[in-house]
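Chain lettering (A, B, C and D) follows the sequence in which the chains are written, and residue indices restart at 1 in each chain.
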Amino acid sequence: MTQTIYDNIVYLLSLVGISFGDSIVPKIIIVLLIAVLLLVGVALMVMFFTWMERKVLGHVQVRRGPMITGPHGLLQPIVDGIKLLTKEDITPKRADKWLYFIAPLIVFVPSILVFIPMPFGQGAIVSDLPVGILYIMAISAISPVGILVAGWASDNKYALLGSLRAVAQDISYEIPMVLTVIGVVLITGSLSMQDIVLAQGEKTWFVFLQPLGFIIFLIAAIAEMSRIPFDLHESESEFVAGFFTEYSGMKFAFFFLAEYAHLFGISAIMATLYFGGWQGPLIPGIPVVIMSIGWFTIKVLAIVFFTIWLRGTVPRVRVDQILSIGWKVMIPLALLNLFITGLLVAGGVL
Amino acid sequence: MTWINRNWLMLGIMKGLVVTIKHFFKIGNRPVVTVQYPYERMEIAQRFRGLHSVDKNKCIGCGICEMNCPNNSIQIVRHNKGWYPQVKIGQCMFCGLCVDTCPMGQFQFIHVITTRLHNKAHKQVKQSKGGIITFHQLLEYLRFNLTLGTVPHNHGQRGHGTNF
Amino acid sequence: MTETEEFTLNVGPVHPSTHGVLRFVLRMDGETIKDTEMVLGQLHRGLEKIAESRSYLQFVPYTDRLDYISGMTNNYAYTKAVEDLAGITVPRRGEYLRVLVMELGRIVNHMLFTGTLFLDLAASTPIMYCFRDRHNILELFESLSGARITFNYIRPGGVRGDIPEGFIDKTRALLKELPSRIDEYAELLNDNEIIKMRLKGIGMLNPKDAINYGVTGPMLRGSGVSHDIRKDDPYSVYDELDFKVCTRSECDTYARYIIRMDEMRESLHIAEQALDAIERLQGPVSTSYFPRIFKPARGESYSRIEAPKGELGFYIVSDGSEHPYRVKIRSPSFCNLMALPQMVKGLKISDLVAVFGIVDICLGDVDR
Amino acid sequence: MNIINDVKNRFEHAVVETYTQNDGKEGMLIKKESLVDVCGFLYKSGFDHLSMISGMDYVEWMEVVYHVWSYTRKENVVLKVKLDRSMPVVDSVVSVWSGADWMERETYDLIGITFENHPDLRRILLPEGWIGHPLRKDYDLTVDQYVIIGEDGSDVVTTDASKLLRKEVLHDRN
């Protein structure tokens, strides 16, 4: 049984001399604390991503990116957040009010829930679910529903077309993604994220064992994250802003948060599945927990940097092309990868 | 689609990625070209057509500039016992015909492109050290951004963009 | 078979990829375009009517506002019509200076074209690189004319002012630097698989249709018709310069994009020759005296030049008075845009954006 | 310019007179009844590029001017048709050059010349319902016309400025 954040907090408290028996109230308080910690952590990460995206893209494009607010514009995400919160929240006259309101939440909540079985570091996992990766895949499959709802409820043709595109793309890329994940699971023999990380500590990073699987996962992940070249969710040159054309203010902020939380989530999954998660060389003198979280963060940032770099290089793929790549190329390849992995695992090679 | 099947290596995208990463790390002659406007300004050419200025002592108020203005934005008005051209900047399209046709050569463009309000806001931003600005300065900066003409104003109150 | 229902999609007038204020009314079947209708006129300023109440010289700054991306060629097209009308000849040094600025203007236009085209395809980097280099050319224009977009530089009888101090050196340095920049665009964009996927095989316009629709400029040359007014109906000093007409026969948008890349290089070549000539020749750049009250004889003239976007023509009728009796503008954007419905029929809406980007219009030029 | 002679030979009575523009381009004034025939003949003789159509208002009469260019022969030719100002009607040449479509619409819009047999003769630059044709010499420039959004979302042209959203338009004029 691996340690979770909860266990660690209880352990730390017992060190200071606080302990509690079976009473439920402190437990709930600790759980709520963890939830807040998770939210804040994700929000901070998202803020950092938005800053990093603007900065990296700026330097790719011979610009500087944000410079005014704070040193090198580090406070820019906070200013942006304040701006978004203070903006007028518009609901179109003919929109389906209730669905229009609920859609950002349907998109936002799963993108946070994804982090529950995510091993951020040694002992830094909210809950080590035995079905971890399956849970993640299942939860992240909810957000297309929210996108569809948002597009439909806006009563706007751009939003509707954009959401249909987004859903078609999400669904068609989830299949190769799950199929490649099965390859990893076959090698590990467990669905738990923590076990996958530990297995990579014993063997080697799965990116070396599963190169084909990794490439398929990478492409599918970029599509799932809805980043250029697969950002049909927005497709701003055709559909203005895709499914959130009509959204503004707080609701838009939710979509924005969800998008970047999704980016974080999928980068984290990729780091966990293929780059050894929080595993990495330890420097003596630094606590293992902090060191492992550091390694995890570095890996995630490297993946995010790659997506931003890619965004600065390539244009968007057309909708029929993206779907035919998904169905005609990615899924057969993912099946091939699964087949080879299965053979190797059955043969005892892996 | 048949096409992509033949280009699995995506060499073109790789080449592009190399170009962009070169820019990111500033390899070769690829510097950042942004000019941080309130703090630094670009050099303005000698012939730049900014706001107008007239040498008060030499202008004879002949009205040739008024005649040559394509937009009728120049009027000769009385000012301190003399007649001088007055330019409606909001209407002017800075073609330079008035300057070219001035017989005395005293109608000129000066290298001023910002108005008083802009200058004030820029001063506020400039005074801030190291990019950290106070709340008051932030408000001033926001007001400067808001009054650039995109935001609707109350009726009767003119936008600052045209009220130079 | 499932039944589908057609619907109308309104794109514009305010939309990220209409390059201004153009409105499309699309009849769509899902994502496929069945029919395109364009609603123009949101930027109609009545320039032709304005011309009737301005003197010949006063109208020059208005031509800057036509195709506000390449003001120099607009100035020249109008100026040439006036000079034809009145029979004015310009000193050769002035003509070379005009050719220099026009060819630099062509590079400016094509850089903006490249940037916005790929911005429409959602690649945000090319526009930054293009604007970086465009800025350097605009600096030159600023030192020449005093403005960066609305030059009012070429005027009947010559140009507004001789070259300033240090202009030759700066231009030479720029002409040395630009080829490597253009090569870098090519490296970044030309071989990119996604760009090829997006641009190849769409927006087809066969040579016969292209001619019949009155499409001109790079659009026509992309359809395999080797025609360039600079070569076939030479004006200014183009018959003394060495350059070739870039033509491709694929008839698709990718060919039209590559043609613009090639034209940038050709323009650099022309600009170099023009710069050499300016350095070599002595003398004034404009006729010694262009009358302030200018009354050409009765008559009419039609002059057309190869503007970056296509054939730009001015038809001027004079009744012997100070003001032109009628100025008619044949704008390339207007005529090229007419062929768009033909090119996008049956394509996806994402292709509409790409094809529209490749037509390279400027709404100031379309609506006048 | 032998094309003019060709036209003269082919259509004996169509050419009223020939002239030369100030810039040396040869032109001919033809009768409006035979316009489409002459244009068809020109197209067949290689004049495949219709450079522009301009409408002219000479107060007493009206003219339509066609500037045509040949890609193969690399020659210009100018055609002119004289119209009655009270009823300016001429045949459309869209059947010859498809590119004439928008040019004729523009001419119709701005100067009020009607083109018969045009597939879709509507205003193009100005909204439907605009009063008058601006490029005519008797167009009343003192009347302000505004385009407002009507009840059903379509453009409505009005001379009544009181319904404008932006009232400062009026203030600025004075």
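FYI, a residue touches a chain if its C-beta (ideal position, glycine included) is under 8 Å from a C-beta of that chain, and two chains touch if they have at least 3 such contacts.
Just so we're on the same page, UniProt names per chain: A = F(420)H(2) dehydrogenase subunit H; B = NADH-quinone oxidoreductase subunit I; C = NADH-quinone oxidoreductase subunit D; D = NADH-quinone oxidoreductase subunit C.
Here the structure is a predicted model, which means the values were calculated and not measured.
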- Query: Which chain has its Cα centroid closest to the overall Cα centroid?
  - Reply: C
- Message: Per the definition at the top, count C-beta pairs in contact and tell me whether A-B or A-C has more.
- Response: A-C
- Task: Averaging only over C-alpha atoms, locate the centres of chain A and chain C and give their separation in whole Å.
- Result: 45
- Message: Distance between chain B and chain C based on Cα centroids, please, to the nearest Å.
- Response: 25
- Message: For chain A versus chain D, what separation do you get between their C-alpha means, in angstrom?
- Response: 60
- Item | Touching two or more other chains - residue numbers and ranges from chain A | 60-63, 312-314, 321
- Message: Residues of chain C that contact two or more other chains, please.
- Response: 125, 129, 132, 188, 192, 194-195, 197
- Touching two or more other chains in chain B are residues 4, 13, 16, 19-20, 23, 33
- Query: Can you name the residues of chain B that touch chain A in the complex?
  - Reply: 1, 4-5, 13, 16-17, 19-21, 23-24, 26, 30-34, 36, 125, 130-133
- Note on the structure: Listed in rising order, the residues of chain C that touch chain D in the complex are 40-41, 44, 46, 48-49, 81, 84-87, 209, 211-216, 225, 227, 232-233, 297, 299-304, 311, 313, 315, 317, 326, 328, 330, 334-335, 337-338, 367-368
- Item | Touch list for chain C against partner chain A, complex | 7, 9-10, 15-17, 31, 118-125, 128-129, 132, 188, 192, 194-195, 197-198, 348-353
- Note on the structure: chain C partner, complex, touching residues on chain D are 21-23, 25, 48-52, 54, 56-57, 65, 67, 69, 71, 74, 76, 78, 97-103, 106, 110, 124-127, 134-135, 139
- Message: Applying the document's contact rule, which stretches of chain C touch chain B when the two form their complex?
- Response: 54, 57-62, 125, 129, 132, 135, 139, 142-147, 150, 152, 160-161, 164, 177, 184, 187-197, 200, 292
